[in-house]
């Protein structure tokens, strides 16, 4: 058994997310978005990052607004329940960042190719679309067997993939449940992997269910205990989505000035994860807690 | 909720495995091999089947020996702990069946392409090998982005994929755990899917853990209760591998005469699954039962 | 109707649109459910005339039971509760790409007479006026489902002769275009707007007005469409939501988040 | 030694081979473990000098703890017990294809002077003498790991000038061949036989005898090799298994299924 990979967010981000690196975040889509890790990236004011993710909800908008980003490779960037991501709009419209336009399937295909260790993979989507115009990593090709026209998608291998898991052991073996999005591909394709987790548990909890392990621990570089680390996105088994926070963020991001105030209060002035929780307040945490429980039926891995 | 898909093996096999069809079996590899379903295919003396699977252990050898097969698309056919599959050898050497030679990765790639609904997928394996000589569904190609030489593999979509699951509800939602091999790809790529299961359970057991569901139930065509349906291969959570049966089979398949006797005793004279169990005998079933248990830690799907 | 006050049952434009969307789903169909209004449309169909419909969500969820509580996104925890399957996006996208999805729903900012949809850039990319969120799964649903239904606010700036950018392919330049570019199947079947319901000419693939919502005139629709809009042979009137439908809608959207105001907000 | 009787510690040819195989694994390496003898070799290395090695199995298992009980196949239930990860073959094959596997182990029926391995057809395919089981994962391990180790019985009919069929590519026709056909990396590093250990010339890529097993003569090895076998500059003697290694081996193979008789049986 290898050495413990437990560390804290400042250390994990400063050592594994250098300026200019390509970072995959929010790969489960609407759930388990690693907001705590993203906020640490902002606090460290990383520069020139490439953000990779299917639909980032508001996390990408926040990191872009903080000036950390030069390029986005995504299918959708905005605020899922309200629409536009205002920082994203400002940054793209002013030419401060470039966008590689993907669809969910082209991004899934790119990360699958990355995970499989092949330089490209074909898909039948996006033919005739203008995604070709704003994504140089798409090319039309012809199937060598059928002659069918296809879209070839270049593989994506993030420098670092950051995920938020429900529970993880100190060696990087994490349990994730719920919709998987492209988490598994992004972890396997990532050159390094940071796992933030609601709970740090004993290896015996994780290896009691090896099928639930999201990616083999030997490929994980750092493990960070980050309760409420996905807030305001939902964490199955832990808390519901905080819709109010997304509505508040829409208003707080409409202008740059308002966004600066939001950033100071919710990111820069928050030094540790506990401060974030107290900022939310007991009532709000209670309100987001699960009211109905449904526990998985056990399975036996005996011999 | 749709109608019940519960049926019995004779009905499932006669309606879903017509002569000449392409059948995927043994897609988890050494575990959960659907022997009971394979034996029903033999009892019905299907003809001209194409068998698809990575390493089939002895099931393919049995179906081939019974004369049901005209073509095999596999990476390995034999008896895992002893080597050769004698019926397979006789059938190939005498020209009675043709073989499309795969590796585990080319077959995995073919089924992944089938599952993704794309006509081919590239891989970096088998370059320079003679698999090209005996597999017309491999072609060398050049990556449109990097210029790297690759092996293009034609997609495989089985007419029917047959799996053995640990538990399943009557609507086709099955829980499978342990090594997954290419089960998930074969189920998603299959035009129809037959699930045989150790246990038929209430939908509430299955949907208490949607991440454990091997393939969406709406794609499953038939569900059959088949306790010990994977014997002599192991079924995680239910019974260990019956090594003795594989050794006995090696001897029983060395000559055609011996194989006829084996076939009569273990397949043709076994009309129902209970007869198979009594043929094995209480002692043997006890010997194969799990001695150590390890139950998965629960997860919460509440809200 | 616009202010949601008339008898017999008061309903909002959004409630009418969601109801019309739900009615596009036949029982037993496999439906790829998009963000926002379609979430509600599927729940409505599933709870009324299409109990055997199967819902697929791009983030890796397949459901054959309605969610037990209201949801605002497909990732809200009630949408995971007793799901048929939770898996990888690759798996559900594979089902779509295999041609196993009967119908899907997408929304957009700009739509043209051949059903091409733009959710990416307003104006030429080089000197864009507005950057929109992008495709999400919309390009995939428009490319690969057997048919797709578009839900939009009906305004002249949105209903244009030719979109600035094709995010989600419709019929391109008309008949034969999808086959020519290599798309394997499908195309938009229906456009549900704040003013009416539009369908496509079987041969020319041009969008035609098929139904007017209650209280809306043909002139009003034409004023809000940037090309000379033709009507179908029979121009119908959209049947308003019935009480059962409204009850279901309000159970799944108690705060009226999606249906309380005009769909334009979303 | 051949009959397993001599002091200091009696061991069988198979035990010597498995021990030699285990010693090819460095601590902390990622090892793709093949069927049969390699299963035991990995368990031995893991339990002795390579406690931090990670084992990957093609059927979708990754282990960082030795199995708690003897196994005859990689799918035996003890090999799943407290595994690091149980997943799809596609995932572990992806790790291999990415170049993340340091070493892998394969066996075969026919091997040639450039390390090409045949486990498919003896004789020309058109008029084959023998159909063998096929590649399994061997072609993939030989194509894509950083290095692979071959375990074989040493007989003239198996050690041939040129294999009848390349199931698992070695160095093809010699230096530069792997690059020319497009293989991204790797090649065989070591061949462990019933008689000795062979390695490959760094420039010509021809197989050379590097070590003789105790009691085996160079003449004996040459008699059992179909091409004029050259030796490495220093011809060594294979160190026999030490007591600790034999104890581990016999714990994991109590019945001597793999190691009780000559490896030729398997």
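Side notes on the structure shown:
In order of appearance the chains are A, B, C and D, and numbering begins at 1 in each one.
Quick note on the criterion: a contact is a pair of C-beta atoms (placed from the backbone, for glycine too) under 8 Å apart; a residue touches a chain by one contact, two chains touch by 3 or more.
Being a predicted model, the structure only gives us computed values, none of them experimental.
Interface comparison, A-C versus A-D: the higher number of contacting C-beta pairs is recorded for A-C.
Across the assembly, the mean Cα position most removed from that of chain B is the one of C. Note on chain placement: the centre of chain B and the centre of chain D lie 27 Å apart, centres being C-alpha means.
Computed centre separation for the pair chain A/chain D is 41 angstrom, with centres defined by C-alpha atoms. Averaged C-alpha coordinates put the centre of chain C at 58 Å from the centre of chain D. Under the contact definition stated at the top, the residues of chain D that touch 2 or more other chains are 61, 68, 76-77, 80-82, 86-87, 90, 93, 96-97, 144. Shared interface positions of chain B, defined as residues touching 2 or more other chains, are 116-118, 123-124, 148, 150, 177-178, 180, 184, 208, 211, 236, 240, 290, 292, 294, 301-303. In this structure, the chains touch in the following pairs: A-B, A-C, A-D, B-C, B-D.
Here chain C touches chain B in the complex through residues 28, 30, 51-52, 54, 61-62, 64-65, 68-69, 76-78, 80-87, 90-91, 93-100, 144, going by the rule given at the top. Here chain B touches chain A in the complex through residues 116-124, 137, 139, 141, 143-146, 148, 150, 152, 154, 166, 175, 177-178, 180, 205-206, 208-209, 211-212, 236-238, 240, 290-303, going by the rule given at the top.
For chain C in complex with chain A, the residues that touch the partner chain are 35-36, 57-61, 68, 72-77, 80-82, 86-90, 93, 96-97, 120-121, 125, 128-140, 143-144, 165-169, 172, 177-178, 181-184, 257, 266. Residue ranges on chain B touching chain D, taken from their complex, read 28-31, 54-55, 74-78, 80-85, 88-89, 92-93, 99, 101-106, 108, 112, 123-131, 133-134, 140, 148-150, 177-182, 184-185, 233-234, 236, 240-241, 243, 290, 292, 294.
Within the complex, the chain B residues that touch chain C are 1-2, 115-118, 171, 173, 184, 188, 204, 207-208, 210-211, 213, 215-219, 301-303.
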